[in-house]
Amino acid sequence: MTSTPAGRLRRTVALACRILANAGLASDILGHVSVRAGADTLLIRCRGPREEGLLFTTEQDIHLVGLDGGDQPLDGWSAPAELPIHTEVLKARPDVDAVLHAHPPGVLLAGLGDVPLRPVFGAYNIPAARLALDGVPVYPRSVLVRRPELGREVVAAMGSAPVCVLRGHGIVTVGSGEHAVEQAVVRALNLEVLAGLGLELARLGRPVADLPPEDVAELPDLGSAFNDLQIWRHQLARLRLAGLGLPETED
Amino acid sequence: MTSTPAGRLRRTVALACRILANAGLASDILGHVSVRAGADTLLIRCRGPREEGLLFTTEQDIHLVGLDGGDQPLDGWSAPAELPIHTEVLKARPDVDAVLHAHPPGVLLAGLGDVPLRPVFGAYNIPAARLALDGVPVYPRSVLVRRPELGREVVAAMGSAPVCVLRGHGIVTVGSGEHAVEQAVVRALNLEVLAGLGLELARLGRPVADLPPEDVAELPDLGSAFNDLQIWRHQLARLRLAGLGLPETED
Amino acid sequence: MTSTPAGRLRRTVALACRILANAGLASDILGHVSVRAGADTLLIRCRGPREEGLLFTTEQDIHLVGLDGGDQPLDGWSAPAELPIHTEVLKARPDVDAVLHAHPPGVLLAGLGDVPLRPVFGAYNIPAARLALDGVPVYPRSVLVRRPELGREVVAAMGSAPVCVLRGHGIVTVGSGEHAVEQAVVRALNLEVLAGLGLELARLGRPVADLPPEDVAELPDLGSAFNDLQIWRHQLARLRLAGLGLPETED
Amino acid sequence: MTSTPAGRLRRTVALACRILANAGLASDILGHVSVRAGADTLLIRCRGPREEGLLFTTEQDIHLVGLDGGDQPLDGWSAPAELPIHTEVLKARPDVDAVLHAHPPGVLLAGLGDVPLRPVFGAYNIPAARLALDGVPVYPRSVLVRRPELGREVVAAMGSAPVCVLRGHGIVTVGSGEHAVEQAVVRALNLEVLAGLGLELARLGRPVADLPPEDVAELPDLGSAFNDLQIWRHQLARLRLAGLGLPETED
């Protein structure tokens, strides 16, 4: 199954779920990742009859669903209640190929505590600093996004940004292109880094100034695709070390 | 032994103890779980001659005890000193089938520091938010509950709630029905999530408003039994990953 | 070697060092445990030519040393620079049979930050609460205790207590009787629990009242020896789980 | 390859990278270690076509580069963008034989929050206390040090110190002599200890006085080389325990 394009996408989505959980961004059964599979379809992480949580996602948990919410999976699997997060983002943004929803604890706390996500550091993590420089939009309601109109509220709050905080709830990140899933995962990891640093500084109670422009100018954009794949491979290696790699396939 | 109903309950109680310890809610030898086994009996986690702590509980540690405190286990095992927590709750509440007592560090700290457990988040964890919406009762004394009258003090403080904080001590949670033990475990996990978030917000020193009613209305009750079993399986998978699964039996 | 009394003591001291490290009370190569071996001798953890830190202590690291500091080990092992902690305590207190020195991070911080170790909780951990009720003495200098007169300063600060905080440095705990080493280890673990809770409450910035006498009266002394051995076995099981057990011997 | 001097240096540099990552000082793919290999060359950790992060560094990732930045590695490996950190330090300081750059989170936070690194403790960790006594220089810009002139700014800020904080970015540490790499690693570990303690005390909000001179006088310099090798072996043992040791070679 993996050697077909759809099979490879299934595997990538399953690994993305495991990475999120292994990195602490998804604590048990909540969160899901999807990828555009055709003009009117997406592949998305579903829950099956033996659901064990994101850390133990398998390729069998990834199913094809219609962008209109139809074509629900069979055999005891069901699409997430929050499928509208995925379908509404994919319908509204043709540039987006992957959508990720998770509940990282740092972003949750920063959102609840109104801790700003500011560009106070530089070369420590340039992509995370760039997220902060560009600004991180916030959807203020902590509702379950299980209806299309709520999904459209999220889309409106997110605008054209690559990430969005769902206050009291979690995050949405997106990716584009051949490595859309990998990009969405790295953005989620970086958003949590940003929140974690913001929280630590808030606990210290010391306001920190944003980077001055002359230092921002020395933070080159090293290219997302290359960086993302290196981080992705690092996370895959951590999965293997933890005994959580997916079995190898023939491709 | 496991293939009988009592055998299966023993196994479930033993796994519950391992899950509590693996999730950080029981640090060493303190804490116990029980389940109603008949009209006048319960199965409860006891300590034996080679006691190694909750993380290493086996089915042999689970013994039948009378609701009146009689019929103590033999062969070197002894019922917990705090058996009255279990017997008094089970006697006072016919709807309850399982009782759990543990010492989660977050709840302990929140209790000592008078950190309120408020519904400040929503879809991040709906069952935990619902616990907060319903209110979490507190038993104010940090005594060892080793006499029936102290157990009845706990019962009185708890009322008809599914959980109770024992200030300076730990928690009691209960469950009902076919999956009573699993339900009590998930409630304990969620109570610790609630306390952990409350503590983090208290450290930030920023008061956070409760969810507005229109957002609470978008937090559907997805059904405890189904959700609890998924979380339970997740925790079992984490036990196996940690090398802490119980050996498989024939059933 | 293990089947002789001295062999068994060596094994117990080596396991004590591993437990301290595995529980986070000794971060790398600093800390040591000793036990009285005769009228004028002690067995103590030494450093050898292939020293790898407390977590990897073997029975070969435990050597016989004279209470007068003579009879240093051979073959490339050397007694700790802070041997006077052990020899001065053992000479001054005939009731003491084991001495432990470690650098637990919680106690270090509580000491530096003047965070009091108060009996604010009860049944959460009765032995730790009792340590606080009895008061924890503090030696105020963070010097290296490498001369006998500095060891005697520690002895004087400690008085007849079972534990002592060395401010800016670490702790000393002692044990007595057949399971002296195990008792000293459990006291060290409990002292760190006490410090950790004190620190968390200090971070919350909320003063917490001591337990009222009527609640203290409901915290029975369940007997140190029995409790200590159960905690010890739990810690041994954690070592085995981490792949850190010592190879079995014939006894 | 390992049995030659250059092979042994490659192995040592690779292990240094793994140790930094395993100890939490390098979270994924950022950070590098180098060692002087000749009059005009250094061996440095590079990124290859299958880069998986510092925790998974192999000897094949360590390549020879010219001090002038020429002689870049072949076969898909590339030297770090921040090579000028290494080349400028090595050119300016003939006493230095190894250079380490990492992003430890504690130092990052202490730098951003202006938390001072003060000698407030003693025998807890004498080498870390000595770092604080000597003063830790700070380079204030969080730029990517990818041009020689930025490298020279770092060199100027560092002066003759063994360590330097790059504010909003990370650290540079150096080592000298036969065990230069090991020394640079231990200095990095100690700098993070120092920052971690400073942060904890800042969170408690309690100013702590520096050690008095009479206690500093009782903190002997036990000799760097001996201490560093013991810590190094400890970290190697932790790598092996985590399943992260490099395969043994014939030497």
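The chains carry the letters A, B, C and D, assigned in the order they are written, with residues numbered from 1 in each.
The criterion applied here is as follows: a contact is a pair of C-beta atoms (placed from the backbone, for glycine too) under 8 Å apart; a residue touches a chain by one contact, two chains touch by 3 or more.
What you are looking at is a predicted structure, and each value in this text was computed from that prediction instead of being measured.
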Same-residue or different-residue interface between chain B and chain C, half as cut-off: different
If I superpose chain A onto chain D using their CA atoms, what angle of rotation comes out, to the nearest 5 degrees? 90
Computed over C-alpha atoms, the centroid farthest from that of chain C is that of chain A
Provide the C-alpha centroid distance between chain A and chain B, rounded to the nearest whole angstrom. 32
Which positions in chain B touch two or more other chains at once? 203, 205
What chain pairs are in touch here? A-B, A-D, B-C, C-D
Okay, in this complex, where on chain D does chain A touch? 28-30, 47, 50-53, 55-56, 81-82, 103, 108-109, 112-115, 141-146, 150, 166, 168-170, 199, 202-203, 205, 242-244
Sites on chain C touched by chain B in the complex: 120-126, 197, 200-201, 203-206, 208, 211, 215, 218-220, 222, 227, 230-231, 233-238, 241
